[in-house]
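Below is one structure. I have some questions about it.
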Amino acid sequence: MTLGLLLIVAFGGALLVYLPGKISSKLRDVWAVLVALAVLLGTATFYGKSVHDALSYQFLGLPLVLRTNDLSWFFAIAISGVGSFSIIFSLSYIKNRERTDFYYSLMLLINASMLGIVFAGDLLSFYVFWEIMSWATFLLISYNRGNALPAGMKYIVMSMTGSAAYLVAALSLYAKYSTLTFSAISTQITTASPGFTSFILILGFMVFGIKNALVPFHTWLPDAHSEAPSPFSAVLSGILIKMGTYGFILFLYVLVGFHQFSQLAWKAVSLQSVLCWLGAITIVIPTFIALMQDDAKRLLAWHSIGQIGYIILGIAYGTSLGVAGGAFHVLNHATFKALLFLCVGAVEYRTGGVRDLNSLGGLMRRMPITFIGALIGAFGIIGMPLTNGFVSKWLIYKTLILNQDPFLAFAALLGTWGTLLSFYKFLHNIFLGQLPEKYKDLKKAPTSMQIPILLYSGIIVLFGVLPGIPLKIIAGFVTSFGLTPLNVNLWGIVSETGTLNTINLSMAVVSAFFAAWVVFAFSRRSVPTTAQDTYAAGASIPRDKYQYSVEFYNPLYRMMGRYLRDVVDEFYGWLARVTQMTGEIVRRLYTGDARDYVLYIVLIVAASIGLKIWWPT
Amino acid sequence: MFHQSTYFVGCVGLMIVGLYTMLTKKNLIKVIIGLSLFETGIYLLLVVVGYIQGATAPIFSRTTGSPAEMVDPTPQALVLTAIVIGVAVLALALSLTIRLHEHYGTLNLRKIRGLKW
Amino acid sequence: MVAVLLIIVPLGLAFAMPLFNFVSKRIAAYLPIAAMVCNLILSILLLPSVMENTRIVILGGLPPPLGIHLVAGPLGVGLSGLISLVGLAVSIYAWGYIKQGAQDKYHALYLLLLSGATGAVLTGDLFNLFVFYEILCISSYALVAYLGDRNGVESAVKYLIQGSVGSGLILVGIAILYGMFGTLNMAQIAIHIDNVDSPALFLALVLLVTGFGVEAAIFPLNAWLPDAHSSAPSSISAILSGIAIKVGIYAVARVLFTIFGVAVVFQYVLLLGLATLLIGEICAFSQDNIKRMLAYSSVGQVGLIVFAMCIATPDGVGAGLLQLVSHALSKAVLFLGVGYLVARSGSMSLSSLNGIGKRMPVVCFACVVAAFSLVGLPPFVGFAGKFLIVRAALAGKSIFFTVLIGIVFLATVVEGAYFFRMVQTLYFKDAKRQIEYKKVPASASIPIMALVVFIVALGVYPDVLLPYLKSAAADLLNKAGYIKEVLG
Amino acid sequence: MEESLEQILELSLTLLMLGGAVCACVFKDLLNAVIAAAFVSLMAAILFYFLQAPDVAMAEASIGAALTTAIFVIAIKKTKRVEEE
Amino acid sequence: MRILISCVLLVILSLGLVFALEQAPFGSNQIDNADKPGRFYLNQGMEKTGAANVVTSVVVTYRGFDTLGEVTILFIAAIGLGAVFHSRKKVKRYEKEKQSASLILQTGCRFLFPLIVLFGTYVFIHGHLSPGGGFQGGVIIASAFLLLFLGCEEKKIPMKSMNTVESLAGIIFVGIGLAGLYWGESFLENFLPRGMDYMLLSGGVIPIIYIAIGFKVGAELAGIVAGLIERNP
């Protein structure tokens, strides 16, 4: 089972989904799930193997290389996992919508192109799969019409600028070393001048910053994630952004090597600190903007940006603990963010597309499995001890504290508080609180939706309790980057500056939980009263609206709202308007009068003669 | 050198007057007249390029015609082709002008601006 | 001597068209198809044998420096192959598309346009290049005004005036060159040009480049293009965008590289190409009429091709040629597809094409593939073109070119924006009124899908073109080789 | 160099031609302008004769003076006669 | 404003042109050495093609491909005119009452028509001997038809046959070219025997081609003029 065959199966499956689609929708669903699972199994078989085979097929005389090592296997398994879960989830989510073949083929195509990116061994095939992923994502984002279209436009314009920067970087590397394969470049780039490497790295940061939604380039993410169909939002937030992280790791550690990167500085401002501070800002600001959102998916989207800040902070920090924390957070964020999006998707599916946090409530009793999933997901993103989020945040905090970096640590802490507050609002407004009448008879989420939710929750808890499983792979590729090796055992990291042992940690949590449950069980039951009949001194109250969970953080919003205006978004909007205006002015040149056209010809000839006389080059 | 400057002045002058007419006059037919003036200037330039001082026309006959002092025949061949191209373009231009007049009712180029920007 | 047939077959059939007209009215539609099939076969047969040594075809019984001759080099035969391929697709499309007006006259003019293009690409004589260029221009004036509607006639008049001034300038340039060198053979001029340095030489260069630039739609000279391409019948705008502009670019390139080859002029034309790219893309961005948008995008792509060619390295010219091929194929598909979209939906404005993707799936799919190829997305041929252009530009490792490439990418992003906006309009917007459309006839979908297959095949495996591009770039670039081949 | 009769004639013909061209450009009535253009073509034909190019002279005289004028007159008959401001 | 700009530009243009033309070494020196085409045509023109009028030999044989292109352009103009005028609505915008031409004019036209046609044919038959040729003769014939259109309105001109003459002449021209390809070794080769100098049949292929061009140009220009006067062919 070579890599090429795996990619052919993935791409072929994606393109051929139309055939069973013509026959019957049932057959197409089976086909889609089969292809997704086959790809998952295919990637699983490459565990631990490091393959490096140059394809016989050359593109414009350049060799195409597919290779896999621990790093790409780690990402690949995450991609195929999240992808197949989303496909299973969308079996019933997309059932009665039109253009379902189109949807499935694009989901599988994006899956396949992400695998391609991860397995690419040279800058050219990386770029080819990157571009296929970009335009397929554009088509899927604009899948449900209406205001998904401007979101899609914003996404594709930013991603095209990113790909342009990537092409310039890749080809200036080619101009200097006349090769595009990673291994060849990484050996030769050590001799490059700091100016050239920082030029390449800055372009790389632009490309992967846009895909990763770092602060200055984050404006496309909230619209894209909230307008895309929920299962695709899960893939988008879960793993598609992580392609940017994979790019960061690739450029920082595989191509340039961390030692050379940390030397790059410009008058006392080192590139590494710039990246760390960008990560810190990305943690703080989006999390507090998320606090203000009323739309569930938009809240989750802003949190995706926040969590990316953690990952970038971890990776940019450069110590083995930091990189391990960042990489592990990639996997964790994929699991709980995808889980949260799937829960919102399930709620949206059942309540007919309602995502507004102010009009939902009390769905805990009607959709228990979704509630459990959302609960575990929220614990994960906050970083409660039992979940995998705790382990990766612990690693990141550990690096920040160990290296005496109080400000970054404080920013990370601030981010966690923001997450805590907003997810309290998220859980409460959707699942706790009072069940409105119109959702009295709400049915449970269909089984095909519950399977991925349960699987995700299981993974979160499993990796929370036994983090050794993924950490062993991460330790593998961290040492391959030349950082200090970590010794990892099944339940944590052993190091003289503070070991992490999740077993006794979870034992402590479970016992505390058990004690609380005992106290709760024997205490006096309070009489459950509906919130509807609270006395309001005779004023007429809109029955649904009068819940204390409506406009949860209004006072905070009044206080901080002014500072949280998304200035960067307005700048991009202004830029778009400027191009439109220049278009209007420039096309006035074609006045429609034939004599002006002849004037232009005479103008050109006269100008060249004038140039020749007065400026004899 | 033969007194070629008179011819250069002549053909450059014709070209400039033709271009001036095309640039400043509003009526489409006047512009086409400018075009034909411009092309006449070009034909003059083409023939002048081939002229040799004191040489005779490149036609042999029983009595006269020694190849040594004859004018260069190639530019004259080029001009013949160019003149007929000129008249072909002119005929097409004027037929289009007639159709344009039927559609717009006027030939003022400032008003014929349906297609712009 | 087979190369002559490439020109004579369409010419002879066009002359015979009135006679066929007496036989039966409908036969006129089949002649262009037959001529193009024969041309395609001829050029495919000729291409491999021409790769080693270019064939010189003598006309009128005299060896090159004295009479007119055809230079059947890899560039010439390759371009005539492209012309016949796109011409064949458009002629099959026109068989079903052109129903009103004097159809036999349309097909005769169409044949003459293609023979003019093939002749201009193959000839080795400067005045003959002018005559075939004239055939191409005049037949496109007549074809733009073919529908006889208000827009068509108006754009044809403007096109004619601008084109004939351009041709006038070319004639003056040829007169100056003949005056100084006494010959019209490009190779002979190229030999003698080095040992003469006078301002008249620069003037001749400027006049020739400006004259041919009118048809090649370089920045200030392309005012006719948006009107002509948007108001011509769609099959004609496909041929104009696909072929006529390319012949203009070929002529400019031949004059610049083979005859003059002055380095400082490349920079000057390079900046002009960049200006064309920027202005074409920005104007296209703010258009509502879809055919006018495609016309402006043609202007932009021409700027890109001229920019690539003026890098003046073999890689650069090869990249320009590949971009030329990709633009010819993709723009032909776009115009042919839009032709039926507009015919069925009634109006050319983008808003009237909302959600048409569901009712005309094949045509819209082809338009989307062509749009993606023009923007330069990977699985299509446009990506290979853009990749080679950027590689050629950055090969010099100079800061100046990196900045220029930055500007080129700015324009490509703008181009991507309005093409993706078009894709959204076709597929993701709901049509206001649900009217039922007649099915697109097979005579239209077959050529469109054939060109789409070419776009995808060349995109996935562009290496098949590399040897031809390399030798064509060499044919254009090194003067000495060209002179040795022609004058022996 | 003594001014031979031929040179004087050529100079005067050229000036006449340029005068005709200016008139063609200035005249308001299109018919007069066309006649002026025909006059220019005629002068050019005679100049061609002086330049030892009889073929071109005949072609310019017959096409330039006769046919072009005829086509222009027909076109003016079908459209407006006077160039309006 | 427009006048100012165009004057400035035209002044620069004319300066450049005159300055360049004065400097350029025109005049006698460009075809002095033998390998230049101009001198070759003059020296060997008479023996090679047998045509007394060297310009005709250049137009028809040496640069015959240009003339073929040239004739195509005229063909395009005629067809383009037909296409443009074909789709015009038969709107009679203004119907000036056409009073028929006076008797003198009619008889004069009818008398002059054959004379002009005769003169035209004379010109293009003697193309290779005396100045003049296919183009000039054709134009004279076209002016004869023009006289007929202006003079006697009601005379019906057989436009259908005009078209056939036109395309037949075109096919003859291309046919001769192909025959040259077949018998000689290159397109438009002068493969017929040279014949006696200064006689009518000297010059091999040249007179045949020039007669074909004469008919074609005459027919086409007459068609163009007829098209313009709304006697659509």
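By written order: A, B, C, D and E. Residues from 1 in each chain.
Simple rule for what comes next: a residue touches a chain if its C-beta (ideal position, glycine included) is under 8 Å from a C-beta of that chain, and two chains touch if they have at least 3 such contacts.
Just so we're clear, the structure is a prediction, and the values are computed from it rather than from any experiment.
Both chain B and chain E are touched by which chains?
Common neighbours, chain B/chain E: A, C, D.
Moving only to chains each one touches, count the minimum steps from chain A until you reach chain D.
The fewest steps needed to get from chain A to chain D is 2.
So, comparing each chain's Cα centre against the centre of all protein Cα atoms, which one is closest?
C
Between C-E and A-E, name the chain pair that shares the greater number of C-beta pairs in contact.
The comparison resolves to C-E.
What is the distance in Å between the mean C-alpha positions of chain B and chain C?
28
If you average the CA atoms of chain B and of chain D, how far apart do the two points sit, in angstrom?
10
Hey, how far is the Cα centre of chain A from the one of chain B, in Å?
Comparing mean C-alpha positions, chain B is 68 Å from chain A.
Measure off the straight-line distance from the CA centroid of chain A to the CA centroid of chain C, and report it in whole Å.
The separation of the two C-alpha centroids amounts to 44 Å.
What positions in chain A touch 2 or more of the other chains?
Answer for chain A, listing residues that touch two or more other chains: 587, 590, 592, 594-595, 598-599, 602-603, 605, 609, 612.
So which stretches of chain B touch two or more other chains?
9, 13, 15, 19-20, 22-25, 28, 31-32, 45, 48-51, 55, 57-59, 72, 74, 76, 78, 80-81, 83-85, 87-89, 91-92, 94-99, 112, 114-115
Counting only residues that touch at least two other chains, what does the list for chain C look like?
127, 131, 134, 138, 141-142, 145, 148, 153, 157-158, 161, 165, 172, 176, 178-179, 182, 184, 199, 202-203, 226-227
Of all possible chain pairs, which ones touch?
A-B, A-C, A-E, B-C, B-D, B-E, C-E, D-E
Under the definition above, what is the set of chain B residues touching chain D in their complex?
For chain B paired with chain D, touching residues are 3, 6-7, 9-10, 13-14, 17-18, 20-21, 25-27, 29-30, 32-34, 36-37, 40, 43-44, 47-48, 50-51, 55-59, 71, 76, 79-80, 83-84, 86-87, 90-91, 94-95, 97-98, 101, 106-108.
In the complex formed with chain A, which residues of chain E make contact?
2, 5-6, 8-10, 12-13, 15-16
Please output the residues of chain B touching chain E within their complex, sorted ascending.
1-2, 4-5, 8-9, 12-13, 15-16, 19-20, 23-24, 45, 48-53, 55, 57-62, 65, 67, 70, 72-74, 76-78, 80-81, 83-85, 87-89, 91-92, 94-96, 98-99, 102
List the residues on chain A that touch chain B in their complex, please.
For this pair, the touching residues of chain A are 587-588, 590-595, 598-599, 602.
What does chain D use to touch chain B in their complex?
My answer: residues 7, 10-11, 14, 17-18, 21-22, 24-25, 30, 33-34, 37, 40-41, 44, 47-48, 51-56, 59-60, 63-64, 67-68, 71-72, 74-76, 78-80, 83-85.
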